[in-house]
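Shared chain: chain A. Partners: chain B in the first complex, chain C in the second.
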Partner chain A sequence: MSIRINVADQMGSKKMGPLALVSLIILVIGMFVLPRYLKNAQLIMMSRIFLLAVYGMSYDILRGYTGFINLGQAIFFGSGVYMGVIFLNIQNDLTYFMLAILAISALSVIGGYIMSKIVLKTGGVVASAMITLALGEIVRSIAERWRFVTGGQDGLPMRASRVALDPLFETRIGAYYFALVFLIVMTLALRQFVLSPTGRVLLSIRENEQRSRFLGFDTNKYKAIAIIVSALASGWTGVFFAVIARFANTDYLSIQYTLNALLITLVGGTGTLYGAIIGSAFVTWINNFLLTLANSYPGATILRFPMLFIGSVYILLVIFMPYGIMGGIYRLQAKLNLGKDK
Partner chain B sequence: MGTLITLIVSGLAEGALIFLMASGLSIILGMMGVINFAHGTLFLWGGYAYMFSYYSIRARVILSVFPDAFQTGTQGGILRVTGVQLQAGQYLPFSQELLIFVVSILIAVSVVFIMGIIFEKLFISRVYGNAPAQILITLGLQVVFTDLVRVIWGPNMIPMSRPPFLDGVSSFAGGRIAHYNVFLIIVGATVAIIIHRVITKTRIGMVIRAGLQSPENVQALGINIRKYFTVIFACGAALAGLGGALYMPLVGNVVSSAGMNNQILAFIVVVIGGLGNFMGSFLGSIFLGLMGVGVAVFLPAISVVANVLVMAIVLVFRPDGLFGKAVNKS
Partner chain C sequence: MSEIILRTENLGISFGAHKAVNNVSLEIEKGKLTTILGPNGAGKTTFFNLVSGLLTPTTGKIFFKGTDVTNLSPIKRVEAGMGRSFQLTNVFPTLSAHENIRLAAQSHQKVGFKIFTNHRKYKNVNEKTELILERVLLKDKKNTLACDLTHGEQRKLELGMVLALEPEVLLLDEPTAGMAIEEVPAMIEIIRNAHQSGTTVVLIEHKMDMVKILSDRLVILVNGSVMADGDPKTVSENPEVLKAYLGGGMLDEVSS
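Right, the complex of A and B next:
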C-alpha cells in the first residue's frame, strides 16, 4: 500500500508544536551566535551552505513541486554570479549590489519566460529535460566565447580583493550574516509561495496534471510561473554567492552546478523544501572534504576530479534513497500516524 | 559551384556523424522509452578507446618494422600514449594501415558495447517506466564516466591524425573533397540502411516493435523482452561509440568536452525529428550537418546559437517535431 503524504501538513500549515518552535528559535539564535567561534574558512563554508540551500530550494520549487526537471537551472545561478561580480567591479557598495539584483531579476524573468515558452510546448519530462540541457550548454558556450564580458575560461575575479560591499561586509562574519539573513528570508518567502493557492495548483499538477487541467487550470501557465519564480530565486542566490566567492567563471553556468542543485534536493528529499538545507550542508561538506584531501595528497590525480565522487554518491542516492533524508522522515511520520489511526 | 560542393560534402559528413550518435539515442528512446543522458559519455569512450588502441597498435607495428622511427613523446593520464613519426620516405603498406584502423574501430565499438550492457544491467533496468529517475541516473553516469576519462587519459587535448589512406583531398568539379568526409558519408548511409532493414525486415525488429506496443503480450509469448532491451541498449551505445571513434580523426584531436557537445547536437536532432522517430532523426541529422557547415561559413557570428534557434523555432510551430513523435511518453 502506498502512503500519500499530505504535503501541506509537512509544510507547517498545521500548528507547529511548542517543542518544535522552541528548538527552531534556539537553532536560529545559535546560528547568529556561532560565527564568534568559527575560523574564516569555516565561515566561508557556512555561508556557502546557506546560499546553496536557497539555490536548492529554488530548484525544489520546480523539481519537487511540479515534477519538472530543469537541466538548465545553472543558467540563472551562473548569470547571477556574473552579474554580482560585474556590478561590484564597477563600484563596491550596496547601491551597485541592489542594481545587480535588479538586473538579474529582469534577466531571470525574461530568461525564465523564454525558457518556459520553448520547453512547455512539448510537455513531457523527457523532452523538457533534453531541451533545457541544450539551452544550458549553449548559454555556457556563449559565455565562454564572450571573453570581453565574461573573461572566458579564465573567469572573472572581483577586483577589490579584500573588501566586498563596503562597509557592511569587510569581514567574512559580515558575509556570514548576510547569507544567513538571505536564507531565512528566502525560506519564508518560498514557503509562502508553496502554501499559496498557486503553490497548491503546482502540487496538483505534479500529482495529476490531466486532472488539474480538467479542473480548469491552465497548467502550462502555472508551470511557467514556477519556472520564473525558481529562476528569480536562483538568480538572486547567484548575486549573493558572488559576494562570498568573489569570482565568477563558466563553471557556475555549467551542468555541474545544475547537478549540484539536483544533488542538494535529492539528499534532502525532493518536494520537502527544507530538505535543501540538509542537502546543501552535505554537498558543501563533501566538496570541502575532497578539496582538503586533494591538498594533502597532491600525488593522487583522481582526487582532482570531485565530480567523480559526487556523481557516484548521486547515482547511489537515485537508486537506493530516492526520497532523501527529509522525505524519509516524513514517510516514517506518515506511517506512524497511519498506525495511530487504526 | 566548387565551394558549394565542398560545403555539401562536409555538411553531409557532419550529418553522418551526428546521425550515428542520434540514431542510437533515437532507437533507445523509441524502442525502450528510455532517454539516455549518458550517450555523450559513451561517444567519448568510443573516441578515447579508438585513440588509445590506434596509437598503441600503430606505435608497436611501426617500431617493429622501422626501429629507427622517431618517438614524439608521451601524453595522457594513467594510460599514456606515445606518438611515433615515420622518417621521410618510410611508410607502412596499405594493408597494415587498414588493419590497424579497422582493429582500433572494432576495439572502440566493443568497449562501448560492453559498457552499454553494464549500464543497462546495473542501472537502467532498475528504473524502467520511471522517466525522472532515468534522466537523473543517466545524467549521473554521464558526469562520472566523463570525469573517469579525464582521470584515465588526462584532461588535456590529445592530437589525433586521420589514417594515411583516408587523409587526402581530391578535386571534383572545382570543389575540394576530403576523402575522410566521403568515407563518413558511406559509413553513415550503410549504418542507416542496416538499421532500417533490421527493424522492418527481421524477427528481432518484429519482436522489438511488438514489445513497444505491448510488452506484456510479448512476454506472454515466451519471449524475454528484458534480454532484447539489454541488446538494444548496447547496440545504441555501440553506435555512439562508432560515432566517437570516427569523430576524433575528423576534428584532429581528442578532448573530453566533445562528449557533451555532441550529445547536445544529438538531442537537438531527436527533438527536431520527433522523439524516438528513426526517420526523423536521420533527416534531422542531415539537416543539422548541412546547416552547421553553412552557418559556419556564411554567418559565423550565430554559429553557436544556430542549432538551438532552429530547435526553438521547430518547437514553436511543430511541438511534436518535424516528423512526429514515435513514443507518447511523458
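Right, the complex of A and C next:
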C-alpha cells in the first residue's frame, strides 16, 4: 500500500526525539570542527554545498510549497553574485559586503514584485512558468550586452584588493564559516516562514487554489509574497556565493542555474525544505566528480559533456525516486509507524 | 416581511446560444432557509457560481446586504460574509482534516499576512477549529488527510470549512450529493443547527423529502428560469412542477 503523507503539513508538529536532537547537535559541531581537516579545494566544495542548499530551499518555497514553477529564479541568484563582486571590488570588507546585501535586497523586492505582477496576470502554472523563462532570458541577454557593468561573456573577476583584505574574504576557512552560519540562519528563518500563517496559505494554494480563494484568501497576494521571499533568499545566497566564486558571469543568470535549483529540490525532495541540503550535497558532489573525471581522462570526449550525465540523473530520479531522498525517508518513517500502531 | 439579505435582479448568463440562467430575480430573506430545486441541467449550480463570483453574469445584478456585488471577486464576497460549498468535493486533499478547517478559521479570524509567527500559536484559531471539528463530527478523524476520508466525511469537512468562515449567507451546493443514505440525517442535523443559530441558508438539493423537512421556502428552477416559488408544501404539489420533474426523470423522489 502506498502511503500518502504531506511532509510540509506535518513539519514541526512533533517534538524532536532525543536521538535526532543529539545527532543534529553532533552534526552541527562536526561542521564547525571539520575545516581543520580539509584542503582548500574541499573547503570550497563544502561552502558551495552550504550556499546552494539555501538556494535550493528558496526554490522549494515556490515549487514545493506554493506549487509555482519559476524558471527565472536565477535572475535573483545571478544578480546577487554580480552585486557581491561589484561591491567587493570597490572595497573588500564587511561594510561593502553589507552594502551589497542591501542592494540585492532592494533589487529582489522590486524584481520579485514586478515578476509577480506580470506572471500572476495569467494564472496558469504552465503559462507562468513560460513567462518566467522568458523574463530570465531577457535579463540574461541584457546583462550580456551591458559589458560596462557586467563584463559581458568574459565575466567580472573579483580584483585582488589593494587595501588590507578582510580575513573573512581572504581565507577559504573564513568563507566556509561564513557560508555555514548563513545556511543555519536561513534554514531557521525559512522554516519559520513556511510554518507561519502565510506559509500555510501557500500550502493551500498548492493543494487547491480555487478553494483557497473561496476561503477568502487573496491568493495572488500570497503568491507575490512567496516570490519575493524566495527572491530575497536567492539574492542573498548570490552575494555569499560571490565570496567563494570570486567571479561573476552571465551563467549565474541563465536557465542553467535555475535548473540547478530544480535538480537540488528534486533530489532532496520537494516540499521538504531540508531536503535541499541533501540535494545540494548530491548535486555539488556529482558535478565535482564529473569534473575530476574529465580532468583525469582528457582523451575521453564524452566526459566533456557533463549535462549528458546530469540529464540522465534527472530522468532516473523522476522515475525511481519521485519524492526525493527526504521525501523517501519520511515515507519510510510513516510506513514503520503504521506498522507499530497495528 | 423581514429584511432582504441577498437579491438578484434579472440575473442571467449565456454560454453561446444556451441560456444557462435566464432572468432570475430572487429575494432571499435573512434568517430563512431557502431551497433551490430543479432537474439536472436546470442551472442551479450555475446560479450559485454567479452569486458566489466564480462566473460573471451576462445580464443582471447581484445585491448583497444592499450593496451591488456583481463585479466583486469571490474573495471580496467571502469577506463581505458569503460562504459557499461545492457540489463536487472541493477540499485540500493532502492536508489533514484539522488543517483544512484551521485554514478556514485562520481566514475568518483575519490573521493576515504574518510571516514569522508559528501558525499553531493562534489560540482563537485553534479553539474555533476544534469547535467546528466537533460540530461536523470529525473530531476523531482530525489527523487524517482529507483524501483518505470517506466521501461522506469529505462532504462534512467541506461543510465545516464553510461554517468556520461564519458566513451570514451559507450557499450549500448539494451537501448530501453522493452520500450514503445513513449518513444523510447527520448532515441534515448539521445544516439545521447552522440555520437555527441564525445563519441564512440557500440550499441546492435533489432530494425532495429532505427539502420538505428543512426548508422555509422552495424555489423551482427549470431551464434556467424560476418556475415556482413559495412554501414547500404548495410548491411541491403544484401540477406544473410535478410535470417538469417527470420530464427530468425524478419521479421517485417526488412520489416518495
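Rule of thumb we're sticking to: the second predicted complex is superposed on the first by the 321 of 342 C-alpha atoms of A that agree within 3 Å, B and C clash if a C-alpha of one lies under 4 Å from a C-alpha of the other, contacts with A are read in each partner's own complex, and residues count from 1 in each chain.
To be clear about the criterion, a residue touches a chain if its C-beta (ideal position, glycine included) is under 8 Å from a C-beta of that chain, and two chains touch if they have at least 3 such contacts.
Keep in mind it's a predicted model, so treat the numbers as computed, not measured.
**Q** Pick one for A:Phe247: touches chain B only (first), chain C only (second), both, or neither.
**A** After superposition on chain A, A:Phe247 lies in contact with neither partner.
**Q** Once the structures are superposed on A, label A:Tyr113 by its partner contacts, choosing first (chain B), second (chain C), both or neither.
**A** Neither partner.
**Q** For A:Tyr177, decide between first (touching chain B), second (touching chain C), both and neither.
**A** The answer is neither, since A:Tyr177 touches no partner chain.
**Q** Mind working out whether A:Tyr96 is in touch with chain B, chain C, both or neither, as first, second, both or neither?
**A** It touches nothing on chain B or chain C.
**Q** Is A:Leu195 contacted by the first partner chain B, the second partner chain C, both or neither?
**A** It touches chain C, and chain B stays clear.
**Q** Considering only touches as defined above, state whether A:Ile315 meets chain B (first), chain C (second), both or neither.
**A** In the superposition, A:Ile315 touches chain B alone.
**Q** Count the residues of chain A touched by chain B and by chain C, then name the partner with the higher count.
**A** Partner with more touched residues of chain A: B.
**Q** Quick one: which bits of chain B touch chain A in the complex? Just the residue numbers, please.
**A** So the residues of chain B in touch with chain A come to 29, 35, 37, 77-78, 123, 126-127, 131-133, 135-137, 139-141, 143-144, 147-148, 150-151, 260-261, 264, 267-268, 270-271, 275, 304-305, 307-308, 311-312, 315-316, 319-320, 329-330.
**Q** Would you pull the chain C residues touching chain A in the complex into a rising list?
**A** Result: residues 52, 54, 73-75, 78-79, 84, 86, 90-96, 99, 102-104, 106-108, 111-120, 122, 145, 147-148, 161, 165 of chain C touch chain A.
**Q** Of all residues in chain A, which touch chain C in the complex?
**A** Against chain C, chain A makes touches at 4-6, 9, 12, 192-193, 195-201, 203-204, 207-208, 210-218, 221-222, 225, 229.
**Q** Along chain A, where are the residues that touch chain B in the complex?
**A** 67, 69, 71, 117-118, 121-127, 129-131, 133-135, 137-138, 141-142, 145, 255-256, 259, 262, 266, 301-302, 305, 307-308, 310-312, 314-315, 318-319, 322
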